[in-house]
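First chain A sits with chain B, and in the next complex the same chain sits with chain C.
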Partner chain A sequence: MLNKDTQREFQVLGKPTPKKDAPQKAAGRAEYADDISMPGMLHGKLLRSPHPHARIVSIDVSRAMALPGVRAVITGRDFPGVRYGNLPQTRDYLPLAIDTVRYLGEEVAAVAAVDEDTAEEAIELIHVEYEVLAATFDPEEAMKPGAPQLHGQSPGNISAHTESHFGDVEAAFAQADYVREDFFETQPVKQGMLEPHACVGLWDSFGKATLWSCKMSPYAVWRQLAMGLDIKPGDIRVVQTYVGGGFSGGKQEAMPMDFCALLLAKKTGRPVKFVHTMEEVLIIGHMRHPMKIWLKTGTTRDGRILAQHVKLLANGGAYSSIGGFSIFLAGAMINLPYRVPNMKFEADRVYTNNGFCGALRGHTVVQMCFARDSQLEMIAAELRLDPLEIRRRNAIQDGDVTPNGFRVNTFAFDECITRVAEMSDWSNKKGKLPKYRGIGFGCGAHLSGARLMGHSASTAEMRMLEDGTVHLTTGSTDVGQGVETVMSMIAAEVLGVGVDDVHYLKVDSAATPLDPGTFGSRVTLFTGNAVKQAAEEIARQLAEVAAARMGVAAEDLEFRKHEIINRKDEKQRVSLKEIVRWGMFQQGRIFSGRGSYGYSEEKIDFRTGHGNLSPAYNPTACAVEVEVDPETGQVTVVGLWGADDSGTPLNPMAVKGQVIGAAVMSIGHALYENLIRIDGKVMNPSFRDYKMPLATDMPLLANFKHSNVITWEPEGPFGAKEAGQGAGTGVIAAIANAVFDATGVRLNRLPLTPERILFGIKRLQEQNGEA
Partner chain B sequence: MSTLMKRLPKFEYLGPQSLAEVCGMIAGTTRDEVLLLAGGTDAILQMRRRERTPRRVVGLKGVAELDFVRGQDDGGLAFGAMTTLQTLVASPLVGQRHELLQAAAAQIGGNELRNVATVGGNIAGALPCADMSPALMTLGAKIKLVSERGERWLALEEFFPEFGRTLALEDEVLAEISVPKPAANSAGAYLKFHDRHSMDMTIVGVAAFVSWDSESRTFAEIRLAYANGAPTVFRAHRAEALLRGQALSEEGLEAVAETACAESSPRTSWRANGEYRLELIRALTKRAIRQAWEKAVRSKAVTSKETSR
Partner chain C sequence: MSTLVAVTLQINGVRHDIEIQPWRTLLEVLRETLGMTGTKRSCGEGQCGTCTVLIDGQAVNSCMYLAIEAQGKAIATIEGPPEGDAALQQIQRSFVAKGAVQCGFCTPGMVVATQALLSHNPDPCEDEIREALVGHLCRCTGYVQIVEAIQDAASQLANKGGE
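Presenting the complex of A and B:
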């Protein structure tokens, strides 16, 4: 009965299910952090540095304090001066700068006042005397001797370094028939979530601090708050509100606004709210790392990869965030989706006086896939191989163990390639489209959650109510991707109830189980397994009561449609509610279950890069067709066809939303998005000028197709793997390859702007004597 | 010096109900002291960036006489400075007489913006990227400036002496825009380029307006004007002259595009390099003329069919 995972006929799972919170959100009833209002609540504002690098000589807050309506003003010195951060070795954040600002926009002071306008006025009255320091913006410049130093403990501005070497790269290059090296460069890209960061802080009369905020990973925030405030985690409570889009970044960590809301609340005895403007969101840190990538690849004559050597320089900006892991991941993911028997990876993340970088959907896999799949296409052309064939020849297969120790269970990469070729009509298009129309292929891969050195296990708790519905709590947040729905579906599947009979509660550090939260595509697999276990435990408890009452064996009982049924004689059945009540009322039972996943001893050796980083890995392939205007260089994405092995899609509707969303973000990354900075100053800090693709930049739905290659991932709950990130990883290279196919212009630098494309076309015309 | 927007500076807000009141309020003041507020889609940002810190803001929203669209007896069109872009887009009268204006207005921002942004603000802001001015210039628009001293009419194409400036004196309000009746067999096109397809600020905008001589099958008239081709919106007179009286030809278009480039002096900014803007001027000039020509020729075909019926 309980061993449902061998049975692939589902009652709830596998059916397209609308998100449970969709009506709330569509009707405007969902309460976001900015919707919170409390009696006596004050409004906070942050003062930001106007310099990319400066010493703070003095701060005079007296005029701000004297402004009527201002209740408190704080500076960095009001905090204990304890640095906080993600990885233990790179804790370099402060709630507010104390003596040095390292990027233009860094938080220097904060005000709480009776309304927003007064708070803004007060901010202008704070006088800061700065001693401007020399600044450095480019990672190569920042590494040179004599460059301005950002952090004393990091000579040469090296914020993180990682390297790994598997096999023997030099020997493999010596043997290779063909070797080429290319340089690629990517730009800073922002999350672009629609809800800016917002929070409300309260410090109650018992001395306990509570933060309501739109956090994706409330527990990470909880720990960081304790660190930076230097108080016991137990004295802090973090309550998640609805999250209006996350894509990692500031919603993953404690931000200066969070600390300031709490400290200002403590000082004033009132709740304090902060909401970033979109301008602040775009100016502060948290963005995708801009990278310089030197990629050298050696192959046999028939296109088999023998070795890859990658050197990577990431422009980290002023602080670490999760950056040490970011560059590690970039290297690890060279091992997927192609077999690379010999590989060497050397990466530096460099501090510069820019907004800092961290995680963003697809993390650093996106940049690597752009470089690698662009180059692979060039190799195929040189070796006169079909671009699909070179990918097939190198494709990772089920059961592979990669040189760095990834143990790949399911990996239907070949089938993804085949499906995309079919859907896109590849063979009739490649090389056969009219001039300035082109098609390109791109592939990638992702993992379903990472096993990190710190906390990586997920947990779930579930409790049955007397009406036959359940309360389900985990530490994973719904950030719009549909976690609430899919976790409810898993529980409903096990207990034979409806999706709406499961109440998925928001994370509250005081009430819900400990869990690292939502990031790295971990939730469906990690938390999903925990939820499944918890539901199975309740099912076991119920079966025991039902079996005694029905006089049958517990193992023979099945949970279907609110009933408990004897599999051997289906006429013998009893309503779930009846058993729940009987157990509760007559036997004093508590039907509750717990589950956890990911506590395995298996860990990664971050010094060598060896280890099985994730329980499951998923490949993706896509083809993009573009049309290029030869007189302006403007690109129109005509079609996009993708295929992914997300294991068994538990909620196909959500999976579709995720894969299309990931692809759309990558279209933006490839063609439009770019946080333009001149001497550390962001030139386009608004959605008027920071350009994300809108609906009219997308291919028509009829030409925007996605196919799930269904596999049964043994590690996944009911065979599932991740869906939210992998699908975006191949898209950028596919677009670059399509632009090349259309125009003959090969661009290794992002974004692929009309200007660069047009001048590329002109250069080719000149070379061919056409101009 | 900070890049961040600040709260609005403190100012006194005045809400006049008539043009005469407005003129009284700004008489004898300087532009630093008083700011006229139309839709505010530029002006508010300028104040929040402290590019403008007026002591007084005169809001024009309550001045009903500045918000109208009127057909003239001679077949021309007149509209008030406070007409929103959305009103232009939605007005059947504008559509009948000057489709080009609708084409230009419809490409500015999204609905939310067009509902508040005004045509007067678009012109008076004197920005080189403003999209209404090129279209209006090619239609031969005139503008009415009003002050306590009286009113005067200027050709729009003479209105912008340099970047960010107009010939309006400090006590003058832009009150009305008037566009003459279009010639027979005429049509226009406005091509606005930006990197993405969806709404965006203009990198280069080209307005072409032509009238077609059905006897000689040549350009009876052609006018070209550019957004972001130079520090101000401008008309490319030398380029136009090349085609007047000529038939449409590939060489003719090439020559016009070349001359238009020579008349332009686009700037390099983080949005685009000057070199690239020139390439766009070259390409879009030809396209805009061709589109306008084809429409004009078609309009002739339509009218003659109608008359023969």
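Presenting the complex of A and C:
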């Protein structure tokens, strides 16, 4: 009765369900970190380095301290000097720089004052004497002998290196009918969330530190705060506020403002709030890695991929962040969504004196898919193959095991391609559109959470209240993607209650289960499975009580619409609330459940790259139609049609929001987003100059469609897989391919700016003697 | 140091007599002086639209508007009047029902902008809706569900008007 694994008729799931917190947010009543105000609260500001690389000779804070209204000033020496970071081998952050600053914008000192204006004024009164050091900005330059060295322990400025080799690429290239090499280059792109990083720190008289902050992964922050402050994790509490957009980055890990809020709170005995300005958000680290990608592919005459060899150089910036995993993932994902029987991957992430890079929606899969699906289109053209057919011929199928050990359960890639072709009217458009109008195809894939070497398991705890509603806690944060809704739906499905009968609590390290956090599209699958288990445990407890009271077998009972029903005789039914109360009041029972998923012994060998990185994998395909203005080079996206295999969408309304949101982010990445840096200085640190897609940049609704190919993923809770990142992975190549179709200009460098397109058109006209 | 001036603001139909520094923006006064944090602070330079409020029915970026300039004008914020506002509530319901809210940080500004749009143009076409949102960034939704929500709100309000 309780095993609903094979059930596909849902009572709650599968129906478009409005986000539970949407009424609060739409009314302006959701409290974000910057909305918090506490009695006696002070305001903090950070002093940032004006140099990309310098030694700190001395810091004089006396004038700042003397300013009326200033309560405390701290520098790096006020911290214990313990470095922190994401991975044990890459701990290279300090809460504030001590001896050396490595990028322009790095945090050097912090002030707490009675208001923001005073704090800002005080910052300007801090005098830092720097000895300016030679700096390096380009990864190739940084790797050369004699280049300025950023970190003593990383000779040659190699922040991380990864390589993997499966099969025999040399032999495969020798056998190939067709081999080509191309070089691609991508740009730094920012998360672009609208809520700037913000936090409030408090250090109470018992020595316990509390941080309220908009964190996606509060437990990662919790650990890092303990490292950098050198105190016991148990003495720190991290409380998640509403998160006003994340997309990874600074909301994923502890930032200097978080450490400073706590230490300044300790020094002053008052709560201290920090809020970044948007200029600070855009100047500091956390962005998508700019990459140089050399890609060599060998195929048969009929377009079957025999081998791929990738060399990747990532400009990591001044610190590691999650960068070691970033380049590992780029290599691993060469194995999807196409069969690549022989592959070799060599990647370096290089330290430079720029803001540092890490994860951003789609992580490094986005750059790799741009390169590969652009090249695949060129291969198809050379071999005179249909661009869709070459993709079908190489498509991963259900049940495949990739050379690097991915065990692919469900993967409806063929069907995604078919649907996109139908929705976009591909066959009537490809090569048939008027001049300067074109259509392009692009594909990609993603994983539903990664099994990392450290803590990978998600857990859930649930307890039933006497009114038949439940409290549900997990360590997974809602960052807008709809976690609080889909987790509530899963619990409601199992217990036969309504979505609003499940109270989903925000993460609070003092109360919710330990969890790696929200990243890598892991939550629906990992945490969803844990929630399902927890709900099933409560259902078992309730069924036991109900069975005894009703005189029926527990396994015959079903939970539907707030009732417990004997499936063999549906007239026998009792209200859920009655059983809950009976059990609690008459038998002293506690109805509570716990669940866990992802503790698997299965781990990845990060040295060889072998292992089943995720429980589930999902393909995506899309077609984009563009119009190019031949006078200005301006690209208008006039149509976008995508299809994904996200398994069984548990909340179709949220899935739609995720896939469209991911696709649109990639439009910005393809066409205009670019953090421009000259000698380490960000030249466009405002939304005026850092351009993100606007409503007017979208195709009209009639030409912007998405389709879910529904599969039943055995590893997913109720058949579900990821939806938030995969859909963005194929879009950039599709746009590049569409621009080529429209103009004949092939651009391997992002973004596809009007200038580059115009120069390309001009070059073609000259070649053709038209100009 | 600071020179305080007495200011009277009419916000959501309620009179507020306050003393502020004359250089304070309306956004600062709403959030910090009056504790009305529904209006969000993001870019601080009129690019993102999260701080949008209505002044005499026109949508403005409150981060770019001095509070003293708003004296004698009707200021409306996402919090709405105490007695409720039917159009505002319908727009909020449509945003919820159509999945137009994800992280929610742009939502108050989007909702207020929709109020301004529909009060001037009760039956906007898709292009007019997109144009009305051009000063508003949303990084989550890709705008599709926001446009659909505004279409829904327009049609719901039109139906009610016709009853």
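In this section, the second predicted complex is superposed on the first by the 771 of 771 C-alpha atoms of A that agree within 3 Å, B and C clash if a C-alpha of one lies under 4 Å from a C-alpha of the other, contacts with A are read in each partner's own complex, and residues count from 1 in each chain.
Basically, a residue touches a chain if its C-beta (ideal position, glycine included) is under 8 Å from a C-beta of that chain, and two chains touch if they have at least 3 such contacts.
Since we're looking at a predicted model, the values are computed, not measured.
A:T277 in the overlay: touching chain B, chain C, both, or neither? Say first, second, both or neither.
both
Classify the contacts of A:T300 with the two partner chains as first (chain B alone), second (chain C alone), both, or neither.
neither
Touch test for A:R688: chain B only (first), chain C only (second), both, or neither?
In the superposed model, A:R688 contacts both chain B and chain C.
With both complexes overlaid on chain A, does A:E31 touch chain B (first), chain C (second), both or neither?
second
On the superposed three-chain arrangement, identify whether chain B or chain C touches more chain A residues.
Partner touching more chain A residues in the overlay: C.
A:K19 in the overlay: touching chain B, chain C, both, or neither? Say first, second, both or neither.
second
Would you sort A:N703 into first (chain B), second (chain C), both or neither based on which partner it touches?
After superposition on chain A, A:N703 lies in contact with neither partner.
First (chain B), second (chain C), both or neither: which does A:Q149 touch?
Neither partner.
After the superposition on A, what does A:S592 contact: first (chain B), second (chain C), both or neither?
Neither chain B nor chain C is touched by A:S592.
Could you say whether A:I660 touches chain B, chain C, both of them, or neither, answering first, second, both or neither?
A:I660 sits against chain C, while chain B stays out of touch.
In the superposed view, which residues of chain A touch chain B and also chain C?
Overlap of chain B and chain C footprints on chain A: residues 277, 688, 693-696.
Which bits of chain B are touching chain A when the two form their complex?
Of all residues in chain B, those touching chain A are 1-7, 193, 195-201, 270-273, 276, 279-280, 282-284, 287.
Give every residue of chain A touching chain B within the complex, in rising order.
48, 50, 104-105, 117, 120-121, 123-124, 277, 279-280, 283, 631-632, 634, 636, 671-672, 676, 678, 681-685, 688-689, 691, 693-697, 753-755, 758-759, 762
Looking at the complex, which residues from chain C come into contact with chain A?
31, 35, 37-45, 47-48, 50, 77-80, 92, 95-97, 99, 101-108, 111, 126-127, 129-131, 133-134, 136-148
Tell me, which parts of chain A touch chain C in their complex?
Residue positions touching the partner: 16, 18-19, 21-32, 34-35, 37, 191-196, 242-247, 275, 277-278, 479-482, 653-654, 656-657, 660-665, 686-688, 692-696, 698, 700-701, 704.
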